[in-house]
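As structure tokens, the structure follows; a few thoughts come after it.
Order of writing sets the labels: A, B, C, D, E and F. Residues in every chain begin at 1.
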Amino acid sequence: MLSSSGVPLNWYLLLSAILFCIGIAGFLYRRNVITVFMSIELMLNAVNLSFVTFSYKFQQVDGHIFTFFVMVVAAAEAAVGLAIILTVFKNRKTLQVDDINSLKN
Amino acid sequence: MNFYLLTLIKVAVVAGVFLTALAYLQWIERKVLAHIQLRPGPYRVGPHGLLQPLADVIKLITKEGFIPSHVNRFFYTLAPVLAVSLALVSISVLPFGPRIEVFGIETWMQLTDLKIGVLFVLAVSAVGVYGVALAGWASNNKYSLIGGLRSSAQMISYELPYAVAIAAPLLLLNTLSFREIVNAQSGYYFGFLPRWTIFQGPFPQIISFLIFLIAGFAETNRIPFDLPEAENELVAGYHTEYASMMFASFFMAEYANMLTVSLVATLMFLGGWNAPLPLPVSGFIPTVILVLVAAICFYHGAQPYRKWDRFTFPAAGIISLGLAAIFLVPILQPILLPLFWFIAKAGILLFVFIWIRGTLPRFRYDQLMHFAWTFLFPVAMLNLLVTGLMVALFGK
Amino acid sequence: MDPFLFLLLAAIAVICALNLVVQTHPISSALSLVGVMGSLAILYLLLGAEFIAAAQMIVYAGAIMVLFIFVIMLLNAQGERLTRRGAYVKIFGVPLMALFLGLVAFVIQAALPRSEMVHFGGFTHGGPADIGRSLFTQYLLPFEVVSVLILIAIVGAIVLARKEID
Amino acid sequence: MPEVSPEISEEVSTAGTETAETRKRRLTVNMGPQHPSTHGVLRVVIDLDGEVITSAQPDIGYLHTGIEKQCEAINWSQVTTLTDRVDYLANLSNNLVYALAVEKLIGDIEIPPKAQWMRVLLAELQRISSHLVWLGTHALDLGAMSMLFYCFREREQVLKLFEMFSGQRMMTSYIRVGGLALEPPRGWHQRVKNFVDIFPSRIDEYEALLEHNPIWLERTQGVGYISVDDMLAEGVTGPMIRAAGLPWDIRKNEPYSSYDKFDFKVATRTANDVYARYQVRMEEMRQSTRIIQQALEGMPEGPWKADYQHVTLPDREKMKTQMEALIYHFKIVTEGFRVPPGEVYQAVESPRGEIAYYVVSDGTSKPYRVFMRTPSFGNVQSIGTLLKGKLIADSIASMGSMDFVLGDVDR
Amino acid sequence: MLPEPLRDYAPAVALEELNPAMIVGGHADRGEPTLYLNPDHLLEACQKLKERFAFIRISSVTAVDRYPEEPRFEVVYHLHSLENNARLRLKCQVGGPAPAVPSVTSVWSGANWYEREVFDMFGVEFRDHPDLRRILMPDDWEGHPLRKDYPTHGHKYSYKD
Amino acid sequence: MPNSYPEVYFPVVVQAVLAFVIAVALSSLSYLLGKRTRDKVKDSPYECGMVPVGSARERFSVKFYLVAIVFILFDIEAVFLYPWAVVYRELKMFAFVEMLLFIALVLAGFFYIWKKGALNWSQSD
């Protein structure tokens, strides 16, 4: 019952591409720094899916390791990135990307 | 027998038992607390208040399901659903006993055994933060928001010592599957000392066990870590704006988590269903205990403190005697003995949960956070490193 | 069963991802992202990546997104206002995006044989032991470098956030 | 997906344009009047900066029943029943201070020693029961649930003693102008003795539960400091001030009702924190037990009310035999007794601190003015000073250590 | 001139020396010394009593309505000296359509609520009081309940909502 | 006995569905069964019986954020511990030294935070 036909590998990669594109769209459209940041996380996730899919294709565990490292980097990035957002918010009192496009006030 | 049919039956049985256990855990807690506090506790509904949980449920579901208009409706309703469903999922990977044979069907007393069982439990508890954070945020009320924020900060802070405390015994056991974890703890040193991880060489995991329990108390928001729902400065914390069954859902989740923590502690540290003594001796212990219980019941029945005790206590005594007899049936022993030990160990841990609630005051918030970060976490790390060193040096 | 599961989860993931982009309130976006991560975790599982699936839930959903939600609550971030730039990005952006997606799809279809199928259980070496073995032998250096990365991240984040405190 | 309530959507339009005003992390929190742990309808408006209280303003009056006004409309003896309702946890102390004030106004009335001894005994029993309520509820506030039940177990015994002599558990109205209302029933003294015999061991029990508990110590030690000068200035009295090292106890300083004939120590501590207040109250309970023991042992024989026919009701026996007694009885019951004009300020040490009645008479059978200087009023007044600059998490512990009764504040 | 019973009472003598207009009367009824002070010199007197005779506590502030006499109100202060274990009663008589006395909160901050209560109950104003508003009655209450011309059952039977 | 992946995970799916159904049922039951009345006061946020002052959407102490940051970074470390623990028997001392290095570096960060006072909650910020 459960061991049926399976799913083409391509679908996974396509899903990954679609998510990546949505991430780009969010990155471009959204004006809230935090949402922009979340769009980046979405792109990272999309890439991770590709890694894991390729890992399946080559029957090797390396893709998983890469994914794991991507997670670690994403975590570090989130920690530092959100700290920057916090500081920027403190100085500019806004989360709108347009208002914080210059390094100086 | 068809695997899927069997699975459905097992899920149904486990869910039924688990939910009943949850309802009666509440009853037991009220009774134990009441006796600690010199009062009888629930006593009106049914003999000794045994039907109280049922009455509570009926009361709660017939109360008004009120959603205030100032809340964010979607997240407000999502939060309790999330809390309860996450709390009930973990049970699917926890084993209750060894492989058994019933009516010729061979099966494990477990829904399923994952290679990543431990991580599964951790992942579920990690996501559990959302129920609390969402409830606090969606309620659009100061007390809820502060309560939710504090509660989620508390949960993530204790998540670390919790996770590290589990990692230390895994160095001895080298597996993340609960079934193998229990199997690795079977056997006895010197013929009597069980090889549970809290006794296992080269480095007994007593410190891990204590850290795990303490962090478990905090994860489940129990006294002395029940700040999120502390009934003083924050009124009722994140569930201030909740009513009726939605309100009770959080408590149900809390009890389910408490049960899960006790079961995981039993599996990880107390050898699961392994008996504390080798077989010929331990086989009689349940019978002896049940006979003792029966004797106590008969004694109290003979000297009734309340009118109905004359009937209820002897009835309980007869049931105990019956159970004692059942434990002596050789065919049933391989099924019942492991279950008995498993339930007994988890029950003792649950009793500790309740006992502590009856005894300790609660921490102040900063003390609680301070305790997690500057005591519990470093100690857990140190314990992990020492365990690692010992295993590397003296392990097999 | 496999296609059904895949399609269900893919649909959830895509809808959540779109919701992330569409919602104006950051909390809704953040929770949509949690939804994406949850469905991806199950997709990882279907691909045999048991450990990664669990790590995805623990690290991504259980930690990173909690940090996001904390920051949103902390800054009392509200829905955003629309800006003038939105208009022409919309006009040119959407077709370009569709073009890019089509290109990628074409490349994927062309590069990989279509017959290759994914079965749940087709790859069973994604357990913690396999990851551990690989991580602590083959990928030892990156593993140790990660600790440096974490150290830097800790210091950086605290230095930045302390400014807010002082 | 989430519906946006009108309030929120309003904010959406102004999002991203936060002003310096809204940036401040100020938060105003109402604590009370409907709050689980303000012990009555007290409202405290608290301004927070993060976790720190920048200002706390107590707001009272939710339980104001106009007792002082009512006192002016009824006669002297009827007022006793109203005094019960001022501080409902220490009603005998209120009875006592009123009786003492009126007796001082009358001037030449002499209270027999037995009544005085009984008054002391009752006031101390009252102190024990009041402190027990405090201990139980305070521990409950800090999360130690079981303490409440243990304390109420003993308080129940005290209330039973009250019920035994007056028929009432709380509103006893037992101490009357000129003596007592009734003679305590037979066997009552034995019951009191039984109670004080076991009570010290019960105090040990409480201490065993709390004093060896690191969480209790953490929550109470070094918490709720307020300087002695502030306390004196704000009108704080009672155990609060004694916990700061000032041995001021009206029972010692201005002895009334023969307190000078009893041997007891004024409990003081110097730490001036919640824990010190807890210790002072524990010590006071022990001292009260000692006083009760002395009162029981040295209980003088004799009448239990003054033989002063203008004020105290005559004995039943006399009423049946003497016409004059019957007339006085009739007059006192229908019209009430008259009190010579003048004014008097009488202070007594209640479980909460200085309780003082300022009674003015114009010579009629009704009081002209009864002013009640209640300890809780002064104590609650100092909440602003007490909480300022402290952690919000300590607010309950600090306020709880004051032991205020809202009936006592609002009157 | 000091009244007879207070001739030997040190605080009274000291105040009299300071300013003869300060004390307008007094008695020592039932062993409780009472000084009637001129409201204009109240603060001065209180300062002196606090500094010189260690009356560091103000036990209470209240008032008595002598309606229909005039001046109608007696504002009564009870001072307490822990050092000397002594109590002293001060009185200020005020009347007129808008009775007012200076606030003693600058001397004893604890007088704050007591003065608010007197204001609430008797309608006596306290000049320079930091926060003079009703304390026990609702903010929109009309009348001052403890005045003798205020009926015991109140002016109204229903509360405003 | 279940051996293949689908069979191993099937019970988890069933349990998850059941848990979700139970949770939804519990939450919606009282909504369906209970009586409904509404009024203005009942509908307002709980504020100890007073009219609410200010909005509930206020910002909070940055401490919460610091805790979340620290948690993220150590959570990763914790996740690394599990594969390590599983292969520990095979690698023994080698794995120990590796992890010691890793933990030492991460703990250096921890003590830095500690020294910076980010974990000190009682201190006002």
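Everything that follows uses one rule, which is that contacts are C-beta pairs under 8 Å (C-beta built on N, C-alpha and C of every residue); 3 or more make two chains touch, one makes a residue touch a chain.
Everything numeric in this text was worked out from a predicted model, so none of it was measured.
S.K.: Could you quickly compare D-E and A-F and let me know which has more C-beta contacts?
M.R.: D-E
S.K.: Could you find the chain whose CA centre sits the greatest distance from that of chain B?
M.R.: E
S.K.: Could you work out which chain's C-alpha centre is the most distant one from the centre of chain F?
M.R.: Centroid comparison gives E as the farthest chain from chain F.
S.K.: Please report how many Å separate the Cα centroid of chain C from that of chain D, as a whole number.
M.R.: A distance of 62 Å separates the two centres.
S.K.: If you average the CA atoms of chain A and of chain C, how many Å lie between those two points?
M.R.: The computed centroid separation for chain A versus chain C comes out at 5 Å.
S.K.: On a C-alpha centroid basis, what's the spacing between chain C and chain F, in Å?
M.R.: Between these chains, centre-to-centre, one finds 18 Å.
S.K.: At what distance in angstrom does the C-alpha mean of chain F lie from that of chain B?
M.R.: 18
S.K.: So which stretches of chain B touch two or more other chains?
M.R.: Expected reply: 4, 69-70, 75, 114, 119-120, 126, 140, 142-143, 145, 149, 153, 156, 159, 176, 235, 365-367.
S.K.: What parts of chain C, by residue number, touch at least two of the other chains?
M.R.: Answer for chain C, listing residues that touch two or more other chains: 1, 48, 51, 55, 58-59, 62-64, 66-67, 70-71, 73-75, 77-78, 80-81, 120-121, 128-129, 131, 135, 146, 150, 153-154, 157-158, 161, 164.
S.K.: What parts of chain F, by residue number, touch at least two of the other chains?
M.R.: Each of 4, 6-7, 9-10, 47-48, 52, 57-60, 62-65, 68-73, 75-76, 82, 85-87, 95, 103, 110, 121-122, 125 in chain F touches at least two other chains.
S.K.: Which positions of chain A touch chain F when the two form their complex?
M.R.: It is residues 2-3, 71-72, 75-76, 78-79, 82-83, 86 of chain A that touch chain F.
S.K.: Which chain F residues qualify as touching chain B in the complex?
M.R.: Residues 1-2, 7-12, 14-16, 18-20, 22-24, 26-37, 42-48, 52, 56-58, 60, 63-64, 67-68, 70-71, 74-75, 78, 81-82, 85-89, 92-93, 95-96, 99-100, 103, 107, 110, 114, 119-122.
S.K.: Looking at the complex, which residues from chain D come into contact with chain B?
M.R.: The touching residues are 1-5, 7-8, 27, 29, 31, 35-37, 51, 139, 141-146, 148-150, 153, 209, 213, 215-216, 218-219, 391-397.
S.K.: Could you list, by residue number, the parts of chain A that touch chain C in their complex?
M.R.: Going through chain A, the ones touching chain C are 1-15, 17-19, 21-26, 28-32, 34-35, 37-39, 41-42, 45, 48-49, 52-53, 55-57, 59-62, 64-65, 67-69, 71-80, 82-87, 89-90, 95-96, 98.
S.K.: What residues of chain C sit close enough to touch chain B in their complex?
M.R.: Touching chain B from chain C are residues 27, 31, 34, 38, 50-51, 53-55, 57-58, 61-63, 66, 69-70, 73, 127-129.
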